[in-house]
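Order of writing sets the chain letters: A, B and C. Residues in each chain are counted from 1.
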């Protein structure tokens, strides 16, 4: 065997050895479930008991006639439509505010980011307590300025809003950091040149800064949308889908079908899997659409 | 080589012969235990309850060397799941504590022992168990569990608040109008004080607080043959209107949406009356409370119970017989008295619940609990035991909460829930 | 997606004020001072207050008695600080068990991630082997699939492996993260290849190169991965919820805290104390690794 061939062979071997543990683990816990999930969605299956019954597209058809699935879809969409623009625009403004050298700026930046580090349970507890209708600090403060009291999580009409408020609070820091880094990449010379040419602050923002934020914005829109469509922890812990099912989102509904109602032996895991796959397709399509749109709109520096 | 083959064959033979049992209906001829039998016994008792149980188990184990009982703590909320997992692995316990509401699912479990014939034995004294508990352990005409725990709903009230407002305490002659009036008088919105409270998470908790009113008016949840919902009758609507009148019109009800707050709000003196069970009494150390039976309509003060039970699985080898023998002892009047006095659990037998000497001791140890015990005589009905019940409960819960939030009218809400329940009943499953 | 011209190698982290000299993206116009301080403080200070309020309120609640927590109007300062709540929270619940379980699971996952992801990333970045492109693409594709799709099947797999109700259910599926492989591959690619080539010529094995050359140069990226993975695992709720069904000895902190909320009552003061304690490791870790972490998110986020 030539030295060259030996070299090649050892590279293949080395490469495969290095990736083998990862491939096995991801294969087992990443790829297999994806395929299995699809198969499951075509079956009537129990979660604990091994019964399986092939039912074709029946599960998918059931989604259309299931009022709770419809409610979950509507809730998820409303949440996403509220959460994504609010959190991104707010983050942009906050990043702009944080993008300066003044006293305490380090503290301000830290304060904005700390909520990201708290767990959803902790956040849920804090907000449940703060927004308690009768005994919460928020209503007490609002009362002192003559407003409220608000039901927040206890009012079917306000619960979604309160959920948005809580999650925006929790994620603002993350979005802000991305925008802050992007803002800091805007070359000062361009801005100064525009100022010399007499451009106003607003127009220099719109024409110079904003286009350079394109990639960051795209990233945040995609990321926020995907996360928003998959909201679960906060709903499970804080609202349990209520009151009156007004905050039941898709992943929460999937969880209940498979792990609460489906555990005593009732075969709903297949139906839950079907719903999950539909959501997956929605996310996939949306993400691709966003990337495609982004490619056309964003100006990249070469 | 041949030697190894025979050893393997013998081992295989041993293994297969050991895997007997499961799937019978309790009528196979009994096998006499050949040696000491150890029973696996699952329960969800903690703290004082666990101590009392341990004492009883120790007493049994000492007196019965041939039948030893080994206990395992399993959180009650998870008992059904854990059982399902164990059944999958072919290793159910001999005895397990289960919620009464799990009965329809349990009925399908392989190896579950049908107790219908056994309860006819004189030692068991079946009729002595509280009526509602017996019904709740019966599914499709078969007795599938032995009553383990029972409770009931009554009114717990804050005497100090009543005194401050100059109101008379609730009495056993009260009507729901009386309660409504008292609640209104005790409510002070600016001060965040409420006359009454209600669990509003739309779970079964929201439903079973409503059921007594429905039943007192002569209504029922389902019709005679359990094929249609019947709670949207005029009685059902009237019952709900009592609650919505208080919640929406009087605003005298603390609406506990999370269903996790009302006990300590009551304990901090901000709620006048609660409709709750004996398990909450230990959460009110700061309140001078009184207990009274539920108000009634036309002298009917019936209440509702939430019975749980012991289920037995046949694991062969004489264990079923041993388990039944142990349970007979565990649920005998003497043991029930001991347990009640140690834990505050209500006695599961009528004879004990009406034993005045016991009641005196009981009330002395746990203030107010004697009322709950006497109230057991008012437990005459039970909720339907069907596979479709969870769906019915969900529909009713949403209707009740929706109406009490003022989001819908009682009649419309109940009609909607009835329609959904009928769908579930037609399907025959959840 | 082409990468944009953000120079990341020399810029300090975005939280660092030194980054700002001359780089605000805004022109500083001279203005008359009406206030003794920069007017932006009028926005930033309340913002910081709002962002920190829930946390501060939780700390205050954790130092009150139960009666004080239910007081209306809310007590802003409890007077006597009930530090005993912290001890009580530990005693009254299985906090110690939860903390231990979470630590074991998190540390195991972080360590295994660092090892396996580095190995795989190095191979993808530097070794030409059969099927490299395809495998990399397939792995990345799994990132696109949302959690709830794989939730049920992964549960079934873990159940078949007999791991339900054990810490293994939390550890084994997460020993490797595709995100980690992706991030490290990107990073390794940016390292100058000459050092490695020189070592290759000298006859060093791939493994030696990885350990002696690449890893020391990659500490920021590795630290970032470690912190991110630590945070995700420590705060994970859904997966433990689904896999730890009945075995309370295997509860993690998040699961345990969720059960702290009783069926009909919540001991807010203890719950708050327990939460503060469970957040401390993350907060400490975050503050220590802040620069790496934040820079890591920002730079990795902005690259293609």
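Here, a contact is a pair of C-beta atoms (placed from the backbone, for glycine too) under 8 Å apart; a residue touches a chain by one contact, two chains touch by 3 or more.
Computed from a prediction, not measured in an experiment: that's the story for all the values here.
Chemist: Centre-to-centre on C-alpha atoms, which chain is most distant from subunit C?
Modeler: B
Chemist: With contacts defined as at the top, give the pair, A-B or A-C, that has more of them.
Modeler: A-C
Chemist: Quick one: subunit B and subunit C, Cα centre-to-centre, how many Å?
Modeler: Centres of subunit B and subunit C (C-alpha means) sit 43 Å apart.
Chemist: Let me have the rounded angstrom distance from the C-alpha centre of subunit A over to the C-alpha centre of subunit B, please.
Modeler: The answer is 41 Å.
Chemist: Taking the mean of the CA coordinates per chain, how far is subunit A from subunit C in Å?
Modeler: 15
Chemist: Could you say which residues in subunit A touch two or more other chains, in rising order?
Modeler: Correct list: 48, 134-135.
Chemist: Scan subunit B for residues touching two or more other chains and write them down.
Modeler: Correct list: 81, 85, 192, 258, 265.
Chemist: Return the residues of subunit C touching two or more other chains; collapse runs of consecutive numbers into ranges.
Modeler: 70-72, 261 - these are the residues of subunit C that touch more than one other chain.
Chemist: Please output the residues of subunit C touching subunit B within their complex, sorted ascending.
Modeler: Interface residues on the subunit C side: 66-67, 70-72, 164-165, 245-246, 248, 261-267.
Chemist: Would you mind writing out the residues of subunit B in touch with subunit C in their complex?
Modeler: 74-75, 78, 81-82, 85, 191-192, 199, 258-265, 268, 270, 276, 280, 283, 286
Chemist: Would you tell me which residues of subunit A are touching subunit C in their complex?
Modeler: For subunit A paired with subunit C, touching residues are 11-12, 14-16, 18-19, 21-23, 25-26, 28-34, 36-37, 40, 47-48, 94, 97-115, 117-123, 125-127, 129-130, 134-137, 140, 169, 172-174, 177-178, 180-186, 188, 191-192, 195, 201, 204, 209, 215-216, 219, 226, 229-230, 232-233, 236-237, 250-251, 254-255, 258-259, 269, 272-273, 276-277, 279-280, 283-284, 287, 291, 295, 300-302.
Chemist: Of all residues in subunit A, which touch subunit B in the complex?
Modeler: Within the complex, subunit A contacts subunit B at residues 48-50, 128, 133-135, 153-156, 240, 242-245, 261, 263-266.
Chemist: Would you pull the subunit C residues touching subunit A in the complex into a rising list?
Modeler: Answer in residue numbers: 1-2, 4-7, 11, 14-17, 19-27, 37-38, 40-41, 43-45, 47-48, 50-55, 57-58, 61, 70-74, 116-117, 119-120, 122-124, 127-130, 132, 135, 138-139, 142, 144-157, 159, 172-176, 178, 181, 205-206, 231, 234-235, 237-238, 241-242, 254, 257-258, 261, 268, 271-272, 275, 278-279, 282-283, 286, 290, 294-295, 297-299, 301-302.
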